[in-house]
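Chain IDs A, B, C, D and E follow the sequence of writing; residue 1 opens each chain.
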């Protein structure tokens, strides 16, 4: 393999960006997966998603000490903490009717603002250090190029998450209930299931996913004052671009964003700042026109 | 409630505007603490007058800085303004300064301004670090140098300082088109594609400028990338303050140029560092130092402004200060740009006891216009 | 004779399911035509095709001598095809009066065209009587979202009438209406100008026979029979069609 | 009638607020006056957001784009061509409308969250362009040194905070009046109907894209005019004034005010912006925390805002208007 | 036994139900008729917990229900076929059935309980639409799905709000037959129906709601014996025949 790529041809410099696009795209997917579930599937607009991720990130920074045990511990604590935060959010959301995105946005944005500054107050304004196990810290050689080992691991994690999420949403009774509650929570209640519990479950699951993403993603999109905003924005872009809840679409969108941010940047550095948003606006506009307003959210 | 006017009761109101929330909170906090440290070590007095320090939050930039500054200037009626992290915020505040005739002794951001009659800075001009290190890079790097930085005013200035000076003394950039590569700011969190380009360019060294989270990402990814063995030179913020902790091992051996380092050997610095360490964890940064010096400047200017230190009088007095002794060594305001003429140091990230820290490894040029 | 509407060989497929399979339908000015058939026969789909909200895979729709196959629902409405939906569709936050007003706007011509607000005033003059006629005078100022199911149905009929149709598409207008309201509906339909053609989908056969000149029976997307109400009433085929839908 | 009482009470409150706003500069200090002037500009953008979000059903995070276009156009005109306010206003409104018109093809076919994201992208792109087009915009450091404006030929330049504020107040009041008039015409009615159920509106024969384009351009013009007011109030503009956080706060302000109500939007946006600016001054370092808590509290405490909006968007108890039937695989649910 | 006692309920706009009282014995069918907007759906929704009762009592088998959450009420055995179908537009028919099925809930009535197979047998059209989503069904198919959804919850009390709307006549008759059978199995049924003759055909009692008040509530036997008062109340005139010569158009006489 090394021999193949060793000749410095014109593709070679773009090999690593292309691979990195995959890894980065998958990271974005993992970060966004909680929001896919929450917003794409359950139609709860949670602008505090970035905060949930940041909770995971800060947990990782606080607990990781370079050993595998601490990684497992951080993962557990991060997931639990973020899931608990999700349940709290669900409790806050209960008094306002579901389905109205704007008041949900108002509430969750407020929570994100307040929670974000509490996190920073608790952990300090400096970006904390994140120490992953030494085996993952280094770089490996891929096709004659050095590449961060940790990012390779992500490819596996993300694949597992994507598959699990798909199965839960499409195949389980819980997933069906969630989708049904989007259409008509009252009728779900008439089936004997409390929509409030569904909402709590959804936000807990979304929190757990975000927490996991935050812990695992900490070495890449590390915890810091801006993390929550960055993650929220990227996730929203991915979820909407992916067609609101379609798992395959979301994965595709995440990968596209990964490649735009890496390969696109490598190919057209001067256009780099415009790439993401221009591509997003173009894709969304074309799709909206293609469907001529018949955008179905499923 | 105007009783706190300059002459009443021997006290004076100073406004401090810094980012106490948002992206630049770390810098803003240092700036506040640096100023406070000077006050604490000088009985809370500047120029013999009790200081009433009014702090306001600059937030993420001009859109929050302007109203906050308006409050300091028009409601609290401070006699002088200090702090301000972002260059854009300074630009936004300047019209207010001219309207209220209050001087600003800034301690960080420094935009290009046509009229600096009321604007002073204790930090430096953005193009100075690059200019100061160019000769050293030219002498020590065998080959071309790749220049890369963030795509905003500060980044443009920082990199221009280096590339202009470097070109003037015959240095060659490795960038394919001979122009600096700018990365979207603050959107870039992934620098790997840029590293691939640097690798392809065959550069013998890299010169850069990043601060805050971007600096952490840049350094950590650099250390894992295929150009990890290419020497990295940078304007000092790349490894300054809190970011160095977050970077950890990845920052080892990075060269940086800065007007200050906590291990400088002079009496002022020893006192400053000791006082800082008594109150805070870790060593002081250049941000804290600049703010500390801003307080020193105000201290002397208010003292020199006579019995009625009006904002105008303070402004005039600042212009006549001459040499200022400081932890960074002696410096003075340039008469044209109102920013320091000062000495620059080359530093390298090295082991210092248990932690990594920036260690001075040499003196560079004295720069200032 | 020239027809107001001709739908020729219309086919609509959803995946493997043929909702309409080569259906022909012709309606001339002023004709009262009913479309019946068991559930899932394709009646609503045919109405959608004529109204322009569904594009057929095959077949043409001509209205008033022109091919309207490429026009959207709005353009067809401006040419005079107005409809009510099987699920009453109204503007929930607008009052009943405003609902009718909105529906009337595209087709009213104010006396003084250049007068600002003239069109709106002209439309307003239509809304009141229409609501009265549908028995909605009491709830005229209620937001449509607060109306009961049947009231919404009546409101939508008023809206369709306000559009001054040349062809009125009615998808189960009597469903959910109480006896009195059904009577009122029949009265209103009878009072329509002679020139207005009506295509009526309805499961209540008593109404169909009372209101229509001609009847088409659909089943599984195909025309099963067509004729006068009397012919249909007695056709064993039709009875069978319905029975099959149940078995 | 109860609604009559409410209407009269509302008119009374509006009159009181207006009177208060007129005398404000003589009552409060310069700082408050300056902040009020700036807030008026932003509140006017809030009105344009409400026009799109609440009335037309196109929730937007991108009104900062025409706002910025107007502001920069005004700044450029102000420093190079004319210091006459009316000229600047017209140019700014034109620039805003033009930018909105250019982006119409992007947004007019999209609905709901999709519009939100497209407009977000447009706003971000505009900010990026502003930051890089240094010869005109002054880059990320912004444009300062814009000469004081004179409202009309022959009038003196506005040299102090009071004068600038009153100028902004007159402009805002005039434009709001125009918007209110516009909403009383059939245009307003049709827009509201389209927000409710676009499929139904089409079935009645309305050209929905045309109406939405018109609304988008009108909102752009209003935001552009607001941009010119920002220049007057602040005498300095930079890309930071038009960032995502501004859009987000404006949208939230509009939600608090009740999305579809112009007065509500004005008050909501003004409150949010004023609260932010004030908090950054008085509670350094804790502004986001308090602001966030205020948002949360608002959701529960302000029935006239959020809940009213909810009532408008979906009647609480009625069988949810659920466009499930085959004939309308549909838009209404996504637009809600 | 479903008991509604002096029930008042309504919306923010005002009270709709005024002291409504009904008693439905187990195994019997109570029909409710009334003009559009009389409050029939409000009554059904209040029993199901979707509209909050402002006063009065709702009891099932001695258990007090007013004020409980809708899902609690559903858990205690109340099934609802709402007006307007309200199927889940994003779920396929199969998913609807899977979701609604509550095989663990023992059928309290005499019947053998509802399974997916049994409902599909009753409504065969659904069987060929299993993979279609709710929004892709025809109106009648949606109605069938709504009925199936309610049955699969093994209700003890069934609230039917115009269950035959949009069903073809034969299928409607079949549904009425089914309702009869359910009652025979011991189910308590509240049936809202517009067509009076159909209501009388199946129900044991029929009540008329007018402006939110019960103005008539008698056994159907009595109504059959003496139909006049009831007929007058809901004015079941036969469908008027077309007038011999249609009157001049008066809706838009002003334009050509």
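Of note:
By definition in this document, contacts are C-beta pairs under 8 Å (C-beta built on N, C-alpha and C of every residue); 3 or more make two chains touch, one makes a residue touch a chain.
Just so we're clear, the structure is a prediction, and the values are computed from it rather than from any experiment.
Think of each touching pair as a link: the shortest run of links from chain A to chain C has 2 of them.
Looking at C-E and A-E side by side, the one with more C-beta contacts is C-E.
Centroids built from CA atoms put chain E at 47 Å from chain D. If you average the CA atoms of chain C and of chain D, the two centres end up 41 Å from each other. Centre-to-centre, using mean CA coordinates, chain B is 37 Å away from chain D.
In this assembly, the C-alpha centroid of chain A lies 31 Å from the C-alpha centroid of chain D.
For chain B, residues that reach two or more other chains under the stated contact definition are 21-22, 25, 151, 184.
The set of chain E residues that touch two or more partner chains comprises 11, 41, 50, 82-86, 89, 134-139. Of all residues in chain D, those touching 2 or more other chains are 128, 132, 286, 288, 313-314, 316, 318-320, 322-326, 329-330, 333, listed in ascending order.
In the complex of the two chains, the chain E residues touching chain C come out as 11, 13, 33-38, 41, 83-85, 124-125, 129, 136-141, 143-144, 162, 165-172, 174, 194-196, 234-237, 239-243, 246-247, 249-252, 255.
Within the complex, the chain A residues that touch chain D are 45, 92, 95-97, 99-103, 105-107, 109-118, 121, 183-184, 186, 233, 236-237, 240-241, 244, 273-274, 277-278, 280-281, 284-285, 287-289, 292-297. Those residues of chain B whose C-beta lies close enough to touch chain A in the complex are 21-23, 25-26, 28-29, 151, 181, 183-184, 186-190, 192-194, 196-197, 199-200, 212-213, 216-217, 220-221, 224-226, 228, 241-243, 245-248. Considering their complex, residues 48-50, 69-71, 74-75, 78-80, 82, 86, 88-91, 95, 98-100, 102, 133-135, 149, 153 of chain E touch chain A.
The residues of chain C lying in touch with chain D in their complex are 44-45, 47-48, 51, 53-54, 72-78, 82-83, 85-87, 89-94, 98-99, 101-103, 105-107, 116-117, 119-120, 123, 143, 145-146, 149, 159, 163, 171.
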